[in-house]
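Shared between the two complexes below is subunit A, which pairs with subunit B and subunit C, respectively.
Here is the complex of A and B:
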């Protein structure tokens, strides 16, 4: 017992030295793997016959350094931040909502269908608000089946959310092609929300104000999860469901709430992408943001503030990657290859660090 | 049963002062054990006595924290299951480890070199060599899923022998067998030891120990409390042996607490009244059948019984954590039946779980938060749902001081504390702020002696202050050392309530193993 106490005491490390060493170690096991991944991904590019330096330079230029690029990057962040916020709520509560794509697209399609009609009848701000609410409710409803199955029957939500996501993506497509079709165009797509009716842009740029809402959402989620009773209840359910039952928490109800909040935020993400940026939904449109954000949330260790930085990184990579795809002929999905390599090398670094620590302790 | 001849040979494996701790509990406390060739060595003990941990260390799944393991007289850490096999230690686990969709032959060939085609013909010859003298028949072509559990077990034993095991460990081998199958297994063990093998037979059934053992070691709460050597075993008849083993399992040990039942005022008003409480059994949990009891102010009512007879379900149903199908619970005249866990807690009914890390605490959360896990969101520590860190830390520091929790800081994750200190965190949580009746479920399970004594004293103290205490324990001595009355639970029913006093121990002990008091 005393030995354990001593070890715990040194780990708590009141000394500044220890904490500085800790920060340095954290930086090393975060930045080291990033560099290794860039090298590994570079090797993949070499095999494809592309100069990796040119590619990275291009990504950096188009995603971050050029004025137009950085505006696009910040605009792209808006829907991604909402998705990240939704995923953080679910993951921290120990529930694996992998149905983000379905929830996102249904939110997007219902917003696209309702907003152009609503702006004709209601004041502008109210129309957009109602469109957002509709999108949120539809996404929440879509999560109800997995939520109820998990809460009352213990059915694994990984499977059900994934399946519901396939259904959701297909349903969104069917809606676009059959029900919400814009009769005025020949390509199957929804009515387009006129640019002046969309969310205002920030200052004199092309950046959507959805970015501000996204930042607010993720900061609020972070605060709720770390500082409120509700967040603590969710974290208890996530960390030890049996302790949650023992402590008298209503676990089924909290489960349904988690799914609703998570799906609702992701649905808002879809609505922001349409009402703020795209203006309409074309048939077969599926950016698959939901799956792309999952690794980002893991990299951030489900910390909302860290997630902002990682979402920014993902946006740079995807905007830059899209430009590079057009210019250098590298497939657009290469961004995801890069993100995947980063994730794997980080996991390996973490494992090695853990092993090293264990070895030092024994 | 025929008289047993003396086959005892040299010790194959010797345990010397082996100790194993897990987060929160001491699973094995300085165990000495000698396993000799030619003997069936029975390890007897209740659930949680430390049998499985001991097997884990013998079969290489776990490493002891202290003490030595000697193989053939030489010190030899058993590093892994494959290392154990190469030392000649084969284990047949409680839940069998055969692949049901494969045939017996394929199962036996598993674990061979992956680049070679299994030599089934050669295998068949070896299996025949092994199984014929033992009088068992193995159908190599049969699919495992078609075999009875007894037959599957025989396959596992043959598999262990195929790998040239000299020491065969059978973990709770009879738990799934029919009486006929148990008798067959007994005969098989006899033939195995006659051929010079050592068998370690783990069970919690007294009768099997007396019937099959050459040597019996009794484990209790992680400690070895007695051993009956072959000379002694052979000269006693079955009833005498069982009596002797009961005395070991439920008798007093050195270091046990002195008997001291707290005084209580004469008023015998029931503070906690339970009437006909019933719970439906589930697939893995015993039900409750019309349990009625009454605990007075200042009274400690013990619940004795073999583990798994509904103790946990009783505690959970009282705490509101498990739905009751019938009956009523009253605290100081107020019905609690419509209240949930939080409501009952606020009325003053507290439940201290036996599963400290599994459900009592969230190991990764700091000590401070774990104190208040059952009052998340309640003022003054939360205001309008927002955490007040300052108040939480201050209150946590008060409790830490008051209940003598040894922790580096209240921000330390609770999972890093020792079992005794985690228990103090739970005690602080349950006793603070207006407790009136407290249910303790195995409060000293897995604690070292000092913490055990401190916990018991704490329970006596709160009874002395007029709280009602329901003390569930599988340790009869503990109950005898502090309870006013002891109720015995068996298969979800209370089979008797015995006032503590002279002769109470024997009466409770007999009720526990299903005999009339």
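Here is the complex of A and C:
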């Protein structure tokens, strides 16, 4: 059910025999669409009466070239890496977890609600650990219904995770406005975790140490998926569920496990964003990272190590885009358009590559 | 509140239910045809938001609601044409393209709205209603069900037309075959690609119309992300209806009722945050999927691009 692109990528995950030509080909079908997308998105800006060169200039200037901007970019990578790790697990196992936004926000909100209270009662490290565990379990729970429906009833998980995402985003807002409200402020937001209580920063910079955790998470996910028996089982389920049943795998159980791991990682991403960076959740806050990370994972062909580079790119676009948005008056929604164009050009490039290869074989 | 169950309140409640149900009905009927033909059209949300935006622009600048519906439907069809080209003709992954279309058009319409309307936030006048003679004078039910814009009756009539198409026409059979056994249809000498393209374009038109109704008649204005998952609800309706148009109507009215009930409760002075109201239809959807999910049967070849001579 998950389509050819996924299936192909699930099988050729670890390519030791990747020849030089293969690498060049892969670079071409990755960077090509990216460049085409930037040009096409630039045309959209042109139509709107904004100078695309000025826009991209601001993006690079802020996201990559200024010292403060780079630190912000690296900090933004922390939550995105966890989301990418979560999506890689699900997509490699052939399951569409499109509920990232709901899982992320619920993780963020529960972490934001629990951490400031926990630090008063427990040692600092233990308090943060418990807050992370709470966020992870809530996000996991949120994926349970789609997981069970898919595993035991065969209900399409695309729809159910999307529905749960809408529900999760609304529920997170309700929780912030009604239950976890900070009584000390008039704006609806959760209690703020004091800066010294947050995750430590790296060295003398403003970069959060959450980045290190994020990098560790995605590397571990990569090696579990490509080098362990458990990873092979999940990839088998993704490549061919029927064959997996014949091979004696407990597919329903693995399905539930995939959803739990995927949602759990995304929930940790939410918690890292709060405990490491933001400190609190304001009402109606929804960065909508969940869908933006999907093209990143596709661009990386579900390879965790390659995903790190593309997450960095998305971070640059996101931080730089915020600055360019302020200076040129282009709303952040432009990033959505860019991400969508990347998805489409990437799919077309993959198709052309496939056709080209077939033509050569014949 | 003394008048909580008064006649006028009940009529307003039902009227709201129908108004909320019409976009879902149109989207659900449209999606049903795509799914029947074997295309899982996740991009329907993008088609709806395009219909809402272009429908509003058309109606706002021309002053005619009908022209607005026309531009809305045309916008939906244009997006569907792109989807048909990429997913039916070239055979790209329907889910990836669907997500991309939804994401991109949500963003693009929000951008356009920002540059065009974000300072003025123009509104349309209330849509003119066409009361049905005699029926419109029935107490409670009359004002609730028979005093709507003409397009509402047409949408309900579409249910009948769809039943006829699926049961009695060659096109209906072709669509069914394109979803269940495309190779058989091909052998019978009918173009699978063309059949599926027709279905996707129809979905686009219906979704665009639904979006235009949502913006122009339901809200009277366009705001970014106004469809807020209505297209996805349409997909669920089509899934649960198992290919039967009448069930799409029933489901749309149930969801519409939920939406209307919460709005009505707010009007009646029961204080609920809007976030809770936004949750209700999705809660109902999840409950229905949990209860009836096992029976939500889908065509065998759903989501699989057809390639002649493959395998």
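Assume the second predicted complex is superposed on the first by the 344 of 362 C-alpha atoms of A that agree within 3 Å, B and C clash if a C-alpha of one lies under 4 Å from a C-alpha of the other, contacts with A are read in each partner's own complex, and residues count from 1 in each chain.
Just so it is clear, a contact is a pair of C-beta atoms (placed from the backbone, for glycine too) under 8 Å apart; a residue touches a chain by one contact, two chains touch by 3 or more.
All figures in this text were calculated on a predicted structure; none of them were measured in a lab.
> Going by the contact rule set out at the top, does A:356 touch subunit B (first), subunit C (second), both, or neither?
neither
> Once the two complexes are aligned on chain A, which partner has more residues of subunit A within touching range, subunit B or subunit C?
Ranking subunit B and subunit C by residues of subunit A touched puts C first.
> For A:344, is the partner it touches subunit B (first), subunit C (second), both, or none of the two (neither)?
After superposing on A, A:344 lies in contact with subunit C but is clear of subunit B.
> Which holds for A:227: it touches subunit B only (first), subunit C only (second), both, or neither?
Only subunit B; A:227 stays clear of subunit C.
> For A:248, using the defined touch cut-off, is the partner it touches subunit B, subunit C, both, or neither? Pick first, second, both or neither.
The answer is first: A:248 touches subunit B but not subunit C.
> Based on the superposed arrangement, let me know which partner A:239 touches: subunit B (first), subunit C (second), both, or neither?
First partner only.
> List the residues of subunit A that touch subunit B in one complex and subunit C in the other.
Looking at subunit A, the two contact sets intersect at 1, 4-5.
> For a test of understanding, state which residues of subunit B touch subunit A in their complex under the given definition.
Contacts found on subunit B: 320-321, 340-342, 345, 353, 355, 358-365, 369, 373-374, 376-377, 382, 385-387, 406-409, 411-412, 416-418, 420-421.
> Taking the complex as given, what residues does subunit A use to touch subunit C?
Subunit A residues touching subunit C: 1-6, 44, 48-49, 96, 98, 145, 149, 153-156, 158-160, 162-164, 166-167, 170-171, 173-174, 177-178, 291, 294-295, 298, 330-331, 333-337, 339-341, 343-344, 347-348, 351.
> Which residues of subunit A touch subunit B in the complex?
1, 4-5, 8-9, 12, 227-230, 232-233, 235-236, 239-240, 242-243, 245-250
> Which residues of subunit C touch subunit A once you look at their complex with the stated criterion?
Interface residues on the subunit C side: 40, 42, 86, 90-97, 99-101, 103-108, 110-112, 114-115, 224, 228-229, 232, 235-236, 239, 273, 275-276, 278-279, 282-283, 285-286, 289-290, 293-294, 296, 298, 303, 305.
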